[in-house]
Amino acid sequence: MAIRANPKLIDELEAYGAQDVAKCYHCGNCSATCPFSGGDTVFPRRAMRQLQMGLEAKLDSGLDPWLCYYCGECSDECPRDAEPGETMMSLRRWLTARYDWTGISRLFYRSWKAELAAIVLVALLAGAGFLAFGFSRGSIDHYDGANAFLPSASIHVFDWILAGVLVFFLASNCARMWWKTMGKDKDTRFAIGAYLTRIYLLPLHFFTQMRFAKCDRKRPWVVHLVLMLSYVTMLVLIMFFLKYMASGPQVDWRVHAFGLAAAIGLVVTTAWAMRGRMLRSETQYQHSHESDWMFLILLLIVAGTGVLQFVLHRSGADVAANVAYVVHLMGVVPMLALEVPFSKWSHLAYRPLAMYFADVRADVEAAKAKAAEPLGAAQTA
Amino acid sequence: MTYAVGGSMRTGVYLCQTGTGDLDAVSVHGVAGYAGNLPDVEVVRDLGVLPKLDIAHLTLEFRREDLQRVVIAGDSPGFFKPTFTRALALAGGDPKEVRLASFRAFGASRGIGTARAKGVLACAVLGVPYPLAAVPDTTPVHPATLIVGGGVAGIQAALEIADADKQVYLVERTGTIGGHMAMFDKTFPTLDCAACILTPKMVAVGQHDFIDLMSYAEIEDVSGRPGAYTVKVRKKARRVDVEACVACHACMEVCPVHVSSEFDNGIAERNAVYMPFPQAVPNAYLVDEQTCTYVLSDGKKCGVCAKKCPKECIDLDQKDEIVELEVGNIVLATGYDVYDATKIERYGYGTYPNVLTALEFERLTNASGPTGGKIVCKSSRFNKRKKADEWVFDADEGQAPRSVAIIHCVGSRDARHNAYCSRVCCMYSLKFAHLVKEKLPDADCYEFYIDMRAFGKGYEEFADRIKAEGTFCVRGRTAKVFESDGQMMIRGEDMVKEKLVEFPIDMILLAIGLIPSRGTDALAQMLSLPTDEGWFSELDYNSDPTDTERGGVSVAGVCQAPKDIPDTVAQASAVAAGVLKSIAIGRGLDSRADLSLADIEARAASVVEAREEASWRSERTPS
Amino acid sequence: MTFEPTIVGFLCNWCSYTGADLAGTSRIQYAPNVRVIRVMCSARIDPTFVLKALHDGADGVLICGCHPGDCHYSEGNYKMMRRYPLLKKLLADYGIEEDRVRLEWVSASEGQRFANIVNDMTERVRALGPSPVKMALARDMAER
Amino acid sequence: MDELKIGVYICNCGTNIAKVVDCDAVVEASSSLPGVAVAQPYQYMCSNPGQEMIVADIKEHGLNRVVVAACSPRMHEPTFRKALQKAGVNPYFLEMANIREQCSWVHHDRDTATEKAMALTRAAVLRVARHEPLERRSVDMCPNTLVLGGGISGMSGALDLADAGGKVYIVERENHLGGNVARVDLTAPYLDSAHDMLTERITRVVEHPNIDVLLESEVESVEGFVGNFQARIRSKVDGDVSDQTVDVGSVIVATGYKEFDAGRITHYGYGKLPNVITSFELEKMLRGGRLETKEGGAPQYVAIVHCVGSRNLEFHTYCSRVCCMTALKYAHEIKAAVPDCYVSDIYIDMHAFGKGHEDFYRRSSEVKTLFLMYEKNDYPVIRKAGPKDDCEMLIEVNEKLSGETIEIPADLVVLMVGMEARDDAEEVARLVNISCDKDRWFIESHPKLDPVATTTDGIFIAGACQYPKDIPDSVAQARAAAARILARIARGKLEVDAVFAEVDEDRCSGCRICNQLCPYAAIEYDGEKRRSHVISALCKACGACVAACPSSAITARHFTDAQIFAQIEGVLA
C-alpha cells in the first residue's frame, strides 16, 4: 500500500528549527559517519528522507530522533550543509509537541513569545503567591526558625504538589509516546516479558547516557552527563532532603556536600552551554532555537539564585536570602510546571524511554526474524 | 516577435539580485540612478537581494503605472522572470515584454562591473540583445597563433589551424605533448585504447610543417593587444638536444637518481634524465633540474649521462632561454589537475597503501604501466637507498585484489571541497569497473555513487553493460575507510537496500575530481581574464562557449570547465573556427571590455534604427 | 579432434567491416574461423571471388553488406542481392550445399549481430564437414 | 619493375594484440613469405618511433612494399601511408592486416588467434605484391557551404563561415529560423534569455551579406563530391514553388531533433488526463505568464517526471542529456510563478554535469523542490485522485531513497519528453550519403578523433542531429564543423582519394550495362567510340560496375581482381 507523501510537512518543521533539510541530496555520508547507524538502522538519513517527503505517520511512530545525542559529526561531514544533526534536534522538538496532548508544547515551540509569556506569568503568580504566603504567617527577617518567611516544611509540601502536576503531564505524554511508537503497531506485538527483560535499560540509559559515550566526540557527552546528574541530584535533594538544607545555623554537610557539587555542576555546565551557543563554538551549538535559550537562562537563574540564597542565608543576611529564595522559586515553578513536561526538558524522560523501547523492539523483531527463518528456508527449498 | 517600432514603450526597471556571486562587483544604487534617465523608463525600483515578490502587488503597480515593458535587472534576473511575466500578464500587458538585464551573463565582474551593468540595462530597455550592441571594433590580426597546453585540446586545435597552412606555436609545460589523455589505458564508452586515438595526432603534431612545438616551455608574459600579442616564452633548459636524441636509453641507464614519475602519477620511478613515456612527442629525453645531481651540485658531481651519450647530445650546462613570439590569436588549453585526495581524511588516502586515485589506477591498469597492466595490490619492500620499508606495485609479488571499491564524487559535489560536478568521473569509474572485471573476473567490484551521470552518446548503454557484467552499483557515496586488524574496511550506506554496509576491501579507487591546472590563475591575471570556480570564463555560456572577454583569446577543453574527450575535441575544433575566421579576413574583434558605456548606448540605438527601417524582418524571427 | 572449417568473409567497408570492428572494440567474442577480406561495397563482390575461394579450399563463404536502404553507395547491396540467387543456383548445380555460402546484412552498429552470424555459420559449416570441392581436388591429386 | 622488397611489421599494441596473438610467431611465419625482406614486431607501430622504424627500414633495405599487421585500417591506414610517403614510397604500396579488432580482441584462444593473424598477414603480403602506385588528385575547393537546418547549430556554423567570406546557404523547412530553441524562454542553468540569444543570432544571420536564408525550403538532392557539390533546393514560400541549384564545397547537416511523443507511454495518461502536459506545453504556459490547470486555477502541487521516453527498454535506451537541467529550470520557474506551490521532481539520476549545473541543482533543493528517485523502467503511475483528496491526481512511485512506495499529490504533471531523431533522419542521411545509428542519430566518423565529420568526405554533422545536446555543446560542434571547412577553404584545393574505377576501352564492348548501374552517374558513354569511360572525380569506387562488366573491362583501382584473388589465396594457403 502506497504511503501518501505530504510536501507541506517540511514547512511545518521549519518552525521547529529544521531550516536546511531540503538541501539533502542523499549521499549517505551522515549515516555512514554516525556510530549509531549500522545494519538496518540507517541513521540519520532515513529520518531526513521521511521528513523531506512528509511521511508523518512514519516519523510520528519512529524513535530515531531520540537515539541521537547531537554530537554534530554528521553535520560537519554533510556536503550540502543540510544539517542532519540539527534536523534530528528539530524532529525531537516536533515529536515532543506530538506526544503532548495539551498542545502547550506545540504552542511553545512554534512561538517563543507564548512560551516566554507563560513562563513570566507563572513566575509572577508564583512570586506573588509566595510573598503573600510568607507575609501572611512569617517575617521577611527570618529565613528559618519558628516564623521563617518560607518554612521548608511548607515549601516541601508545595514541591510535592508541583511534582505531582509535573509527573501527571509527563507520564501521560510518555504514555502517548508509548502508544504511538509501540502500542499501536499492528505488525509487531510486544509481550510484557519483552518489556520486563529490558527494563533495567531505563535507569541505565538515564543515569549513564552510555549511548552518548559511544559518539566519537566525548566532550558533549561529559557536559551533558554532568548537567543531567547535577540536575537530578538537586531534584532529589529538594524532594527528599529539603529541610536539612534550609535548616541552620550549622551546615549539614551530608546533604550540602551534594548540594554544592550539584549547584556548581549546574552553573558551570549551563554557563558552558550558553558560551558555546553564543560563540557557536561546536557544531551542536551552531543553531539555537528560542526554546534552547529559554531553557538555559531559566536554569541559570534557578541555579544562581539557589546558590545565592544559600550564601546570603549562611552569611546572616536573611532578608536578602528570602528575596533571593522567592526569586529562586519564581524560577523553579515555571521550570517544573512548564519546561519539564512541555518543553526541552521533557527529553530527560523521552530519550531513555525511546532507547529502552528501541531495544525492546529490536529483541522482538530479532526473535520474529528467527522464527521466520526455517519457514523462509522451506519456501526457497 | 514584435518590437516597438517608433512609438515609445512605458518601461519599468526592477532591480533584483539573487545574491550569488560577487555582490560588490556592481553598485546597484548607481545602476538604479542611471536607469532613471533612460528613455521611456517610468518606474525604477531597487528590490534588493532575494526579494519576496508579491505578484498581486506587482500587478497593481503595472496597472497603475500602465507599464508596457518591464526590465528585470540583476546578477541573474531570470530567477525572477516568471513572477514578473505572470504579473504583467495579469495586468493585461504583453508577457513577451518582460526583458532581462543579466549582469552575470554579460560579465559585469569586479572593476568594470557597474559600467557594464549600465550598458546591459540600456540594451534591455531598448529591447536590444546586449551581444548585438556590444560588438567591439575589429583590429588587424597577425596570422600566427599561440596555443597554450599540449593536451588533446591543444593538439586538436593546433592540427585544425595548421591544416589550413597557418603557423601555430604549441607551448607545452612538460617534456611531451599528450596531456592526461596519454596516461589513460582505455577511453569510455568505446573502450578503444587512448594511445591508439591520441598517438597518431601527437605524431601529426610532431611532424607538421606549420606547428612549432615548444615542449618544456612556459608562458612568461603576454603584452600587446587583440590581433597583435607579443608573448614571452621561457624555454626551460631541457639539457638534451631534441633533434639529435634518438631515445636510445643510454643516459637513463647510467643515471643514479631515482624519483617518482609524474607520468605514472608516482606509482613508478624515473631517473633524473628521462623520457615521460615511450611514445612521447618530441621523442627525446630531458633532464629534470629539480633532481639531477649535476645541476644541484652546480656541475661538481656526477654528469655521467653526458659522457655516456653516444650522440653527445646532452648539455647539462644548458640555460633557460626566453623567446618572443608575435601572434594574433591565443588559445588556452591548459587543462586540469586532480583534487588533492589527502584533503579528505575519511578516505584514508596516503594512510592506507591500497587507496588509489583515478590517475594512479589508470597507470596501474595501463599496458605500458609499471605492472604491464596487471592489477595488483601494493606490496611492502625494503628500499635500500631510502633505508626504509615502502609500499610499491610489483607485478610478481603483488596480490590480486579480491575486491575493489570505486568511490564517486571525491572532492566534487561537496560544499567542503569543490561544489561543482567534475563531469567525467562517473564514466571513467564505470570504465574502471569494466577493466577490473575483465582482468580479475573473480574480484568483487563496487561503485559507490550518488547519481550515475551517463549522459553522452552510448554512455547509458555502457552503464547498463557494466552493471550486467556483475559490478555492484551501490547508491550512496561511502563515508569511511578504516582498518580493523590489518584488513582495510569500507563503510557506506546502500540506500536502495536501506542498510549500512561495512565489509573488507582490498583496493579502493577514488574517483577524484578535476581542478584548474596549476598556473591557471597566473595566466588569467596575465590576460586579465575572469574565472569562475577557477575555470576560465567563456564570453557567453550559451552562444559563445569558446571566446572570452579578451579579444583574440579563446579557451578550449577542460580549462573552461570539466569535459570528456569528445566534448573537448569538439570545443577545440570550434576554437579553430574563430581563429581561422579572423586570419581569413585579416581582422579580429577587439576586447569587449574596451567598449565604453557611450559606445554601447550608441550601438544599441543604431540597432533600433536599423530594425525600424527593416521591420519586414520580424516575420522571419520566432514569435 | 573436431573439424575446424575455414570461412572466407567478404565485408563491405562502410557497414559490415565497421560492424566487425565494433565487435572488436566491444570485445564480443566469436569463432575464429572467418578470414575477412574488405571490399568497398558488396556490389564489388564478383561471383568469381566466391568460386575462387571455394576452389582454393574455403569450406564456406560469408558475404556481408549494409542493410537494404543503408548502402553507402545508395543501392550497391541491392545489386549483390540480385546476384546472390543466381550464384546460389550455380553452386547448387555444382553440388555445393546450401549453407556453405551465405549473404547477410550487418550495419555499422551491429557488432553483436556479426558475431552471432559468424558463430552460427561456423556451426553449420562444421556440421557439413570439409567442402566437397576440397575433397574432389584432393582426390584428383591422389589419382595423378 | 625491380624485384619485390616487402617489409612486414607486426604491432603488439601494448598488450592489446600481444596478449592473445603470438606476435613473434607471426613475424617468424611472414618472414619466409615470397618477397619479404624485413619482418619485425614492435610495441606500438602507430607511435612516432614505430613509424620512424618503417622509414628507416625503407631507406636501409630499399623496401618497396609495406605490410602493417595492427589495428583496423580504418584507424591507422592514413598514418602509415604518410610514413611511406615520407620515405619516398608511393603510399598505396601499403597494406594493413587487421589483427586487433578482428582477431586479438574477438578471440581468446592463443593458437587459433595466432593462426588467423598469420593468415591475414599472409593475405596482406600477397596482396601488396600486386599493388600499383596510385596518385591522389587534388580538386578545387568551392568556398560555399550548404547548411541544412536553421536552428542554433546551423546558424552558429553559418556565421563563422560567412564572417570568413564564404557564401552560406541556410535551408530551413519552417517559415522561421531558430529551430527548437525558439520554443524556449529561459536557458538552464543561469536562466538567461534564450529569446535574446536567438534574436542576436537571427539578426546577424539575416543581415549577413554572405548568408542566403532559404525558408520553407528543402534540399531535393546533393550531387557531386567533396569540394564540388551541387545541391538542388526546392522552396515553397507560401504556395509558389521555386527550384534552384547551388554549388557548394561542403555541407553541414544540422537538422536537430524532435521531441518524444508522450502519448506513446500509455500509463502516464497523456492525452487522457487533462492536466498531464509535456515540458514544451509548460514552457508555453510560463512564457504566457499563465501557469494554470485546465480548470483555470493556479496549481497547488506540480509534479515533474523525468526521462519520458529516455533511458528505458521500451522506447529509447539513451539519455536525452538536457531534460534534467530543464526540469530543474521548471522547478525554479514554477516556484517563481506560483510561490506557494509545491513542486516534486521524479527522477532516475540527476544529470547535472555541466558548468554551473550542480550549483543550479543545489539551488532547486533550497527552494524546497521535493526530489523523488525511481528505478529505470519502473515507471511512476499517474491516476485521478479521489474526491476527498486535496489534489487532481496522485502519482505512485517506488521511491528508491526511502525504499517506500509513495503517493505524491499533483494538480499538474509535467512530462520531460526526451529527444528523438527526426522522422526524416534516414531520408536526410541517404540524401547526403551518411549513416544513422540504431536510434537514427547520424554517425560521426569517430566519436573522439572526429566528432563532426562523417564517413562521406565534405559532409559534416552538428548539434542534436548527431545526439542530444544542450545549446553550448551544439554551438561548439557547429563551430567545429565550420573550422574543418574553413581550413579547406583556406587551402583552396583538397586531395581526393586515388581509388576509383577505370574502363579499359580496348576491352569495353560498349554494352552500357555499367552506365545504368553507377549510382553517381560517373560512367559516360561515348557515342562515337561506342565505349564507356569513368569520370574519376565523380566515382566513389564502390566497384559495382567492375563486378557487373561482362567483358571485365573495368578495373577498380586498389581493389583489382588480381589483388583480391591474391588475398583469397593468402587467407586460404
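All chains are identified by letter, namely A, B, C and D, in their written order; residue positions are counted from 1 within each chain.
Definition applied: contacts are C-beta pairs under 8 Å (C-beta built on N, C-alpha and C of every residue); 3 or more make two chains touch, one makes a residue touch a chain.
Keep in mind that this is a model prediction, so the values were computed, not measured.
Asks: Counting only C-alpha atoms to place each centre, which chain is farthest from chain D?
Replies: Between chain D and every other chain, the largest centroid distance is to A.
Asks: Which chains share more C-beta contacts than any other pair?
Replies: The chain pair sharing the largest number of C-beta contacts is B-D.
Asks: Among all chains, which one's averaged Cα position is nearest the averaged Cα position of every protein chain shown?
Replies: Chain B is the most central one.
Asks: Once you find the CA centre of chain C and the CA centre of chain D, what distance in Å lies between them?
Replies: The mean C-alpha positions of chain C and chain D differ by 29 Å.
Asks: So how far apart, in whole Å, are chain A and chain D when each is placed at the average of its C-alpha atoms?
Replies: Result: the chain centres lie 66 Å from each other.
Asks: How far is the middle of chain A from the middle of chain B, if each middle is the mean of its Cα atoms, in Å?
Replies: So the centroids are 52 Å from each other.
Asks: Please compute the C-alpha centroid of chain A, do the same for chain C, then give the distance between them in whole Å.
Replies: The separation of the two C-alpha centroids amounts to 83 Å.
Asks: Counting only residues that touch at least two other chains, what does the list for chain B look like?
Replies: In chain B, 190, 413, 495, 498 touch at least two other chains.
Asks: Can you list every residue of chain A that touches 2 or more other chains, as numbers and ranges?
Replies: 25-26, 46, 80
Asks: Show the residues in chain D shared as contacts by 2 or more other chains, in ascending order.
Replies: Residues 350, 362, 401-402 of chain D touch two or more partner chains.
Asks: Name the touching chain pairs, would you?
Replies: According to the stated criterion, the contacting chain pairs are A-B, A-D, B-C, B-D, C-D.
Asks: For the complex, give me every residue of chain D touching chain C.
Replies: That would be residues 72-74, 98, 100-103, 105-109, 112-113, 115-116, 119-120, 123, 426, 430, 433, 435-438, 443, 455-456, 499, 517, 519-520, 540-544, 546-548, 556, 559, 561, 564-565, 567-569, 571-573 of chain D.
Asks: Show which residues of chain B lie in contact with chain A when the two form their complex.
Replies: Where chain B meets chain A, its residues are 346, 409, 413-417, 450, 476-480, 491-493, 495, 498-500, 502.
Asks: Using the touch definition from the top, list the residues of chain C that touch chain D in their complex.
Replies: Those residues of chain C that touch chain D are 4, 6, 8, 14-15, 17-18, 20-21, 23-25, 27-30, 32, 35-41, 43-46, 48-49, 52-53, 56-58, 66, 69-70, 72-76, 79, 83, 107-109, 115.
Asks: Help me check something: in the complex, which residues belonging to chain B touch chain D?
Replies: Within the complex, chain B touches chain D at residues 1, 20, 53, 55, 76-83, 85-90, 95-96, 98-100, 102, 104-105, 129-132, 160-161, 163-166, 187, 190, 193, 195-197, 199-203, 206-207, 247, 278-279, 281, 283, 366-368, 372-373, 412-413, 419-421, 423, 451-461, 464, 475, 495-498, 532, 535, 538, 540-546, 560-561, 565-567, 569-578, 580-581, 583-585, 607, 610-611, 617, 619-623.
Asks: What residues on chain D touch chain B, complex-wise?
Replies: Interface residues on the chain D side: 13-16, 43-44, 46-49, 51-52, 71, 75-76, 78-79, 82, 86, 152, 156, 160, 163-165, 175-178, 182-183, 185-187, 190-204, 206-207, 213, 215, 286-291, 311, 317-319, 321, 332-334, 336-339, 349-359, 362-363, 400-403, 441, 446-452, 466-467, 471-473, 475-484, 486-491.
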